[in-house]
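Consider the two complexes below, in which chain A is the common component and chain B and chain C are the respective partners.
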Partner chain A sequence: MAERRFDDSCAELSVRERARLASLIATDDRKKNNTFGLHCVFSLPRKKTYETLTTQIAAEQPRYPSLTPRLPSAHAFEREIFEFFGIEPVGHPDLRGLLLHEDWPRGVHPLRKDFSQGTKPERTQGEIFRFQKVEGEGVFEIPVGPVHAGIIEPGHFRFSVAGEPIINLEIRLGYVHKGIEKLAEGRDPLQAVDLAERISGDAAFAHSLAFSQAVEQVALVPPPPRAQSLRVIFAELERLYNHLGDIAGIATDVGFSFGAAQMLLLRERVLQSNQRLVGHRLLRGVNIPGGIRREPQGGALQGLNDFLSWLELEYVCVERLYRDTDSLMDRVEGAGILARQVAEDLGGVGPSVRASGVDEDLRRDHPYGLYNELKFAVPVLDEGDVAARMLVKMAEFKQSLALIRQVLATLPDGPCSIPVKIIPGSGMGWAESSRGEILHWLRIDSDGRIERLKVKSPSFSNWPLLPWAVKDNIVPDFPLINKSFNLSYSGNDR
Partner chain B sequence: MFSLLKRNLQTGRVTIPVEAGVEAEYELVGTRLKETIARLLGGRSLHIREVDAGSCNGCELEITALSNPVYDVERFGVHFVASPRHADVLLVTGPVTRQMQAALLKTYEATPEPRFVIASGDCAIDCGVYAGSCAVSGRVEDFIPVDVKIHGCPPAPLALLRGLLATVERLPLEICHTTRHEKTP
Partner chain C sequence: MKGAILWAQPLLLILAAPLITGCVKKLKAVLQNRQGAGVFQPYRDLLKNLQKEEVVSETASWIFRLIPYVAFSATAAACCLIPVVLAGSALDFAGDLIALVYLLALPRFFMALGGLDAGSAFGGMGSSREMMIASTAEPAFLMVLFTAAVQTGTTRAGPIAAVLAQSGWGAFGPGAALAFAALFLVALAECGRLPVDNPATHLELTMVHEAMILEHSGRSLALLEWASQIKLALFLTLLADLFVPWGMAMSADLASLGLGLLVLALKLLVLILALALVETSTAKLRLFRVPDFLGAAFVLALLGLLSQGVLKLGL
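Let's look at the complex of A and B:
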């Protein structure tokens, strides 16, 4: 039988199962069998599984038929693999640099095994990055960034406008690329959790959770029940403080500072509660493969119950304030509409696409840890505008409160972690962070060290959605629309 | 809205002190900061421009928290500005990534003299967990002169405030005796 082409198999699976491309991972296997590996991970929500298709690419002049023409969601993944491994997706429409900028020498691929750790290539005079050009009478370009006016992360936005309306937005990132995947290679997986916590600061717990679960899958060690319960509590607390911040940001960007201050006050209280629980406001140093390394002390968990009751009472009042404030709701309704088709085609994840009618949540569709045993709803709206994204987060906030209460009511006693013996193999861990799907794909070598760690952050999936959502909106609405997605630059760039 | 206003009246002032401990200390440090700024800068605020040179965004989260109703750092005379051209102080976070190095230098050059630099967070001080990465150029002080360092991963609001106090106590006299419009870009 003739071997089927990899792109055919991927495209067929995506149509047959309505599968979403979750991650595309390259591995350098030249030492083993003189090939590069390409692993395409699909989410099959109806079957509640992930399915991985794998192909091998000969090491001499590595190339393969691009998946992007039929799977647009592969676009950024293939550009990244072209840069970091030098594997060419033949037929890809756009192979400009993605995360490495023009002064990175061409032909130097940092994730190849013969690029040794810590090498700092000389800067070269590279080809200038060419932004998409919109031409016509009265069309102007507005360059913004990388250093922005607010206290936020760096990235470059290039708007093409005719008057106020945005004709095209191109986003260039990579400024905060820190080589985290390369840095993880050769490390002891039990040590690398510190790195996972620093992929995106405000998703420290979700990233450490996905990473720990990947290690646990390789080592075949399920964490003890108490750790499973505590992980749900911390993961939902992280969602609480992030959603409060996101909702506040929308109020800030329409000039509704009274509303923003109220939300930010609640968010600060959650951060303080985190500090009381585990001694860190952002829940760092808590997860470890095998369980939880920092357990809440003494009466802290009892205090959490009282705190949640207080938080809910306060929150309900503030949410009503938002819904009753016409000047806010008028601005957000109809702004920055993301069409469901775009969200699905580009493989978007999390609350940003649940507000566009895409009904997927890993906690329900790929249940991990304790979520299978818990009752919660997945709020979905169809409008796809800034208002819908805000309202979905508001609804999720209440679900998270209920989830924490359920777990607190049945919190088992016992140990918080068990020792993990690292064995060679590969595995995958995932978590639904406040922004959506985090996927850590891990391979451990025969010395028990990390051979390859591929991190797919929700922001990597969702940045390509933003230009579609801002199209035809006016420039002054851009900050508002951007905030309603609230994507992480560091999570994208890694 | 009225129900919330009523609640707010019942709650009273949330801006600290609310509980003892960390928050009371924050108030104490803040008061000293306010007095020092008033004494040295003669009635104007200290202007800070934040620059993320490659952080994971944890530092930004805590710096933003300084402006929430609990900490409300503006009441002490600390103002975050939108442009380096308006700044006395650059507050730099993150290891300097290869791809932010040029932007950091340009931001520094765009800040009028006399200028002051704070390296905030463990990464800014010694690259933190990212040390040795091929994509990280180095520490902040490898590229621009650093005057004050604030440790922490990320530094919590109290640590940031202590760092700001250390900053104003060391401000060069030229900044103190220069009014905004006298500064030359």
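Let's look at the complex of A and C:
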């Protein structure tokens, strides 16, 4: 009997366990056994585990039946693998370039092992990228970006509109692709945390946490208890400042400047508190495989307790201001509704989909570090509009405050880190960042160097949701809806 | 003497307009706990833009280059139709408030053309939105002006202000109060202020006025920005003229002119404060709610007109 097809097994697992495709990882194993490896990571929230299905693809004819027709969430992953490894998913509906643009020569696959780091291929005049075309009377296109009027990251948005209502939106990213996965190859895992911190600036801690946990899993070294506690504190501090910024952004985009200024003020205070704690506003240079590199000095942690009390008092007032401002709530309610079905089918993660009724949070469903021992609620709403996304973040803000307090109350003494001895193998680390699931899949070779690092950022999972959320809304509401997701371009492009 | 003062009035308005915008911005900053730029910053911005090189889209026609001049001169001409410090205006003989409405419509028409002419997607969106807003704002604006006209029996701004100022506080009846509120709402829409349009936004997709002038640069941009600053100054002055003209100079002697100037400055300051408060505390309306907003202005103005008519005719 023939072996079961890979796409069948994947589809079957996803149906049986209601599993979510978390990441799809390709590896170049041609040196070892003349194949490419394909690893499909599923999240099984019911069993509180991740499950990985693996297949091997012959190097002479690198193709396999595409997963996308039955698992729509594999769409972007397969496009990326086609581009970076040259492995063709047969039956994939759309294999246009994802991150590499027209000027990148076709047929050059940068994540293959025979493409050495630092290679600079000649710029080419490739085929022009064809956007989806909507035809009909009165339908016209609005191209926006990649350079925008505000100080934000680059991305191209192509709207097809009939008057003001949006019929279709296509998003083209990749402008800030930095080749981080390639850069990591050959590095000492202990020295690669800085790369992880640069995947997305405002998720520096969450990315370094996921990466460190991946290394610790390979090396079988659990970090000491004090480091575990401090990691929760920093991870939640990062969530605090990001949620404050996200909520302020919503107010800014509807022109409610007073509310925005108040929220941004609080965000700035959290950043200043971070600076006092560890000497970096965005918590860079804190994590290291094996624990915490920079321990808060002397009274800083005591000061943190007082600061959190102050922050909560102030925050409650500002939140009430938001809820009581009818002109603001009128704008956010009913705008940009993301249906639960779409969120689930496309594999969305984080607060953006928790506002659409998808009840999943890695801290509870795939507990890592200390989270198993902590008490917290996972706020979920069903409306799926901008208001729901804002309210979920507001509720999470309070949960994060409570989490930090719990940890501070029982902070153990002892060392902050232990030395990690690197051994070959592969492992996976994850963290729930303020945007959702971060997944770092790591393989270390026999020299103790990184052979492959695959980074799945929450933005990579959530960008495909945005076109569905803006459909049938009007053009001037797009910035608001976009802001309510607040996705990272850099995190998506890596 | 009087003639010179009458011609100096619009000049004062034109020159003080950037200061008024600067004050609004400063007040908004203070209300948001920010320091903000100085009140003279708009002058510096204008000077900077006047000296800059201009870049014009390849698809643009001669109309595009003409627009800043049309916009600036039409708005400046509109300033000659209203009293500022002295109860009278330079062109009282030539045009009334109806002419004012059309002098303000002229730049809008050209700017909307310019938005289309430059060939960018944002300009076209700005033009279509501006026209939608204008078509609902103009009837309300006219209705307000008729309220004042019915009360005083003339459609010329100078005599209206003079008649009202001399008839004592009783002239500010319920009709005038309703019309005042209506004109304030219209002013928010006409000048592209919140909650109709956000003058401070960087989001191209939400812009209305800013989207239309997005392709202008250098001297053109300076003139267009100056024109919109003058328009704001004009609307605030008109609010003071038509509804609370007390304190305005009736004769061209130095003492009453000085007092008139002082009183005007105070009135403008109060209006600027009101504007800054509105802009700080409200969010922008969803685009398709703007006609409702201006519909409310229209109804207010209509009620004002009716109650004014009832009082006037003694029914």
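Everything that follows uses one rule, which is that the second predicted complex is superposed on the first by the 493 of 494 C-alpha atoms of A that agree within 3 Å, B and C clash if a C-alpha of one lies under 4 Å from a C-alpha of the other, contacts with A are read in each partner's own complex, and residues count from 1 in each chain.
Assume a residue touches a chain if its C-beta (ideal position, glycine included) is under 8 Å from a C-beta of that chain, and two chains touch if they have at least 3 such contacts.
Computed from a prediction, not measured in an experiment: that's the story for all the values here.
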item: Contacts of A:N486 with chain B and chain C, given as first, second, both or neither; value: neither
item: Chain B versus chain C as contact partner of A:E164, first or second or both or neither; value: second
item: Partner chain in contact with A:G150 - chain B first, chain C second, else both or neither; value: both
item: First (chain B), second (chain C), both or neither touched by A:D253; value: second
item: Comparison of chain B and chain C by chain A residues contacted; value: B
item: Which superposed partner A:T325 touches (first chain B, second chain C, both, neither); value: both
item: Chain B versus chain C as contact partner of A:F478, first or second or both or neither; value: second
item: Contacts of A:A261 with chain B and chain C, given as first, second, both or neither; value: both
item: Footprint overlap on chain A, comparing chain B with chain C; value: 149-150, 261-262, 265, 325
item: Contact set on chain C toward chain A in their complex; value: 28, 31-34, 121-122, 125, 128-129, 194-195, 198, 200-206, 279-289
item: Touching residues on chain A, where the partner in the complex is chain C; value: 141-144, 148-150, 163-164, 251, 253-258, 260-262, 265, 325, 327-328, 330-331, 335, 474-479
item: Touching residues (chain side chain B, partner chain A) in the complex; value: 1, 3-4, 7, 14, 50-52, 54-65, 68-71, 80, 82-84, 94-95, 97-100, 103, 107, 128-130, 132-137, 153-154, 156
item: Complex interface listing, chain A residues touching chain B; value: 100-101, 104, 110, 115, 117-121, 146-147, 149-154, 174-180, 182-183, 194-195, 198-202, 204, 245, 261-262, 264-265, 267-268, 271, 275, 281-282, 284, 314, 317-318, 320-321, 324-325, 488-490
